[in-house]
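Two complexes, one shared chain (chain A), two partners (chain B, chain C).
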Partner chain A sequence: MWGVREIHAVFLKELRTEWRTKVALSSTALFAIGGVTLAALALRGNPPLALDDPSRASVAAGLLWILLFFTGATGLGRAFALEEERGTALALRLTARASAVWIGKFLANALLILGLAIIATPMLITALDAGRNVNALLLTCVVASGCIGIAATMTFAGALVAQASAKSGLLATLSLPALAPLFVAAIHGTRAALGVGTRLGIAPAFQTGMGDLQVLASYAVISVTAALMLFDYLWND
Partner chain B sequence: MSSIRIAVENIGKSFGARRVLRGISLEAVSGEVVAVTGANGSGKSTFLKIVAGLIRPSSGTITLTVDDREIAEPDARRRVVSYAGPDLAFYPELTAQENLSFFAEVRTLPITLAGIKNSLVAVGLGGRGDDPVGVYSSGMRQRLRLAFATMLDTPLLLLDEPSLALDKEGVRLVAQTIERQRAKGGVTLLATNDPEEAELGDRAITANGARSQTFSTLIAVGGPALVSGGIGKG
Partner chain C sequence: MATIAKIVLGILTGVFTALAFLYLKPAEGFPRPELARIVALHLPNAMAAIVAAFVAAIFGWKYLARGRNPLDDAKSKIAAVLAAIFCGLTTVTGMVFAQYQWGAPWNWDPKQTCIFLLLLIYAAYFVLRAGIEDPEKKGATAAAYIVFAGVMTPLLGYVIPKYLPSLHPTNTKFDAAYHTVIWGMSACLIGIFAWLQNIGIRYEQVKGMAQQLEEEMA
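And then the complex of A and B:
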């Protein structure tokens, strides 16, 4: 069905072209840094908003996933649109198998959004002072599985949007309903990882967040599988 | 090289209400070169892309047989087809060598870096292989397209306006590429507006009524035994 050599080649090509153009890197980094700074200014300005720990953690969880969604929509969706706009999709179609193209691009997108999350998550938690009761392991698992789900959905939606003549705004419009179940679990899981619901001794963080983590992992597996099954038709037609 | 036979039967293509091709049939076997001529917009490029498996035809069939094995799926057909046309673009931020290496890797070609460098030398880009394609002139990009097509080394070679933007030496290069493909026993379909270039073909089919009609029909003017509705060339 696909080969490691082909996937590796597409993955490396994505990283190499991105490193040289920095189109997605610059837009996602700007969005992430801008988002964290503005959120910190709004919530910690003078006088600072008097939020208790659970409220602060809930705001941080919501902001984190807003940030990851929009940075994803800004950066990840470009993977296929650029190929179509520049005409390189033709050479790619002539040489590469559809599955290798999708997996290579998905892995590059996953790496990009995971890298962004690694930078943005601690920044946001520190900026909002929301990490007093953080469970770092649960937070890592929730953010990582959520990012993989976002990367899979955005990579597939990006391929769909690349075929359309009016691309502006279409990626976010298409992917938001598809990502809604992921965001419900991701926000709830992030709140649990930041101590909401566990501080009063109701349950340890992992017990509270385990259901969400299972939803996120299932979503990631299903979105990758579905995209792989459908992408062949999209790419070849 | 593998033996090859391509049979195109009654191919038609419409984009929405606009019919681009109608009723094209031809057959070609190992060692043959068929020129596809016609005015701009007559559907020559669309025809080549249908043959390459890049566009699905609205009607008709293409039977491609390599070493007596029929290749039906478009994905599999692309593995035995190489293409060079004006709309074939490369990654501008990568060098010519990196571009060819990438496409060789994804096609899982057993080709070394030295082989890629040789492909570039063969099209006169030996000294510019490390330059990003973004700084290439249109003629250099055309040479790179030829290097790409020949590197794939497939039994079916599709060339769309291959001499576009090329100097005299480049034009000779196109003729050499076609002759090499013929000598190896491959089939070449050559889409061109240039009557001199069309002479490189053993026979020709011509696009008809391109601009003024809502559709165009390719009418064979080549070997009557192999091309339906054929009219003798010479």
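And then the complex of A and C:
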């Protein structure tokens, strides 16, 4: 049922392929580190911008999601494009069902973006000195659910982009409007986790960010379900 | 029969537009009540945009799931064009409203931003279509994207603007006359959408026939 072995096989194949070349891993990691460095240089370089705590937290929340979006757009779209370029898509079609292929690739992408978020989030918050009133638990929940939504949408958009002749920039163009509801909730939730508009303590922060978490969780469920339903029609074309 | 329907639609649209500006009383509860009558055009455009978005998604789904009929792809594409136009009209009428009620045409209000983001979804859809040459691949890929975007539309159009703090009033009580004009105008705009959709489909059919003829002659 659900082809757990197939999903596992596709997932492992994705990880092994990535481990052999490390192209997505290195490019996204460099992109994330470069993005954090530039943001810190712009906001904290001499003379540093005189921002109060809520302003700094709001800027950090916006930059974090811009960074995660473009980091994702750099590396997450390769999964299907590579299959088309190498001519391995047909072999994959013959060995695994469509849903297993999509889930396997989605899990690998989710792992990649979550790994990058684990590195980039504390780096950015520390670099911008935005973590004075941080609620780490809420921040973890918001970033994790946001990353799952990004991975789902970008894995699906990656399958669409693989069909196009001009792939450059298309993944970001297609994903950004589709990810808009996620980003609105994620930025609002991250601001709450960094203490904007909340009193100190776990409960008040969760009270402010609960609506955002609900939207992020709904987005993740809806995007995974919609992508799974639609991918079948694209893959078995 | 169709001609009579078009004449009736034209007359009704004219009547409801005249009612919006000449009959409706200033909308109490707004900073400048006499200039708030534009909601009688703004809300119906938003409703027509949502109907067009769902029509585009439904025909996209039909194209994917029911035998890849090029006519379904054409219907989905034309509905997406019309959804983009109605989104644009909603944004413009909203900006006029915001200029006089909130002091600036653009305030980054969640509802304003969400309708603009819907417009971006359609822009991305046309970029995707332009990036694929094979007609069948183009149809399937674009249909998958428009269905995916259609599923996200309620989140963008309803959920996000509801739970974030907004400049849009939530306690304004429109009287019965406003309800009549808003719903009447919405029905007219949806009728205009259906009419334009029909013209677009016929245009696509003629274009397809011309292409076929060209291929046969070559």
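General remarks:
Simple rule for what comes next: the second predicted complex is superposed on the first by the 231 of 237 C-alpha atoms of A that agree within 3 Å, B and C clash if a C-alpha of one lies under 4 Å from a C-alpha of the other, contacts with A are read in each partner's own complex, and residues count from 1 in each chain.
The definition used in the following text is that a contact is a pair of C-beta atoms (placed from the backbone, for glycine too) under 8 Å apart; a residue touches a chain by one contact, two chains touch by 3 or more.
Fair warning: this is a prediction, and the values are worked out from it, not measured in the lab.
In the three-chain model built by superposing on chain A, chain B fits alongside chain C with no clash. Seen from the CA centre of chain A, the centres of chain B and chain C span an angle of about 90°, rounded to a multiple of 10. In the superposition on chain A, contact of A:Ala227 is made with chain C only, not with chain B. Of the two partner chains placed by superposition, only chain B is touched by A:Thr95; chain C is not. In the superposition on chain A, A:Ala185 makes contact with chain C only, while chain B stays out of contact range. In the composite built from the two structures, the nearest CA pair linking chain B and chain C is 6 Å apart.
Residue overlap on chain A between the chain B contacts of one complex and the chain C contacts of the other covers 237. Taken in their complex, chain B has these residues touching chain A: 52, 54, 56, 74-75, 78, 81-83, 87-94, 98, 102-103, 105-108, 148, 152.
Listed in rising order, the residues of chain A touching chain C in the complex are 156-157, 160, 163-167, 170, 173-174, 176-178, 180-181, 184-185, 188, 211, 215, 218-219, 222-223, 226-227, 230-231, 233-234, 237. Against chain B, in their complex, chain A makes its touches with residues 3, 5-6, 8-10, 13, 16-17, 20-21, 86-88, 90-98, 100-101, 232, 236-237. By the touch rule above, chain C contacts chain A in their complex via residues 64-65, 110, 113-114, 117-118, 120-121, 123-124, 127-128, 131-133, 136-137, 140-141, 144-145, 147-149, 151-152, 155-156, 159-160, 163-164.
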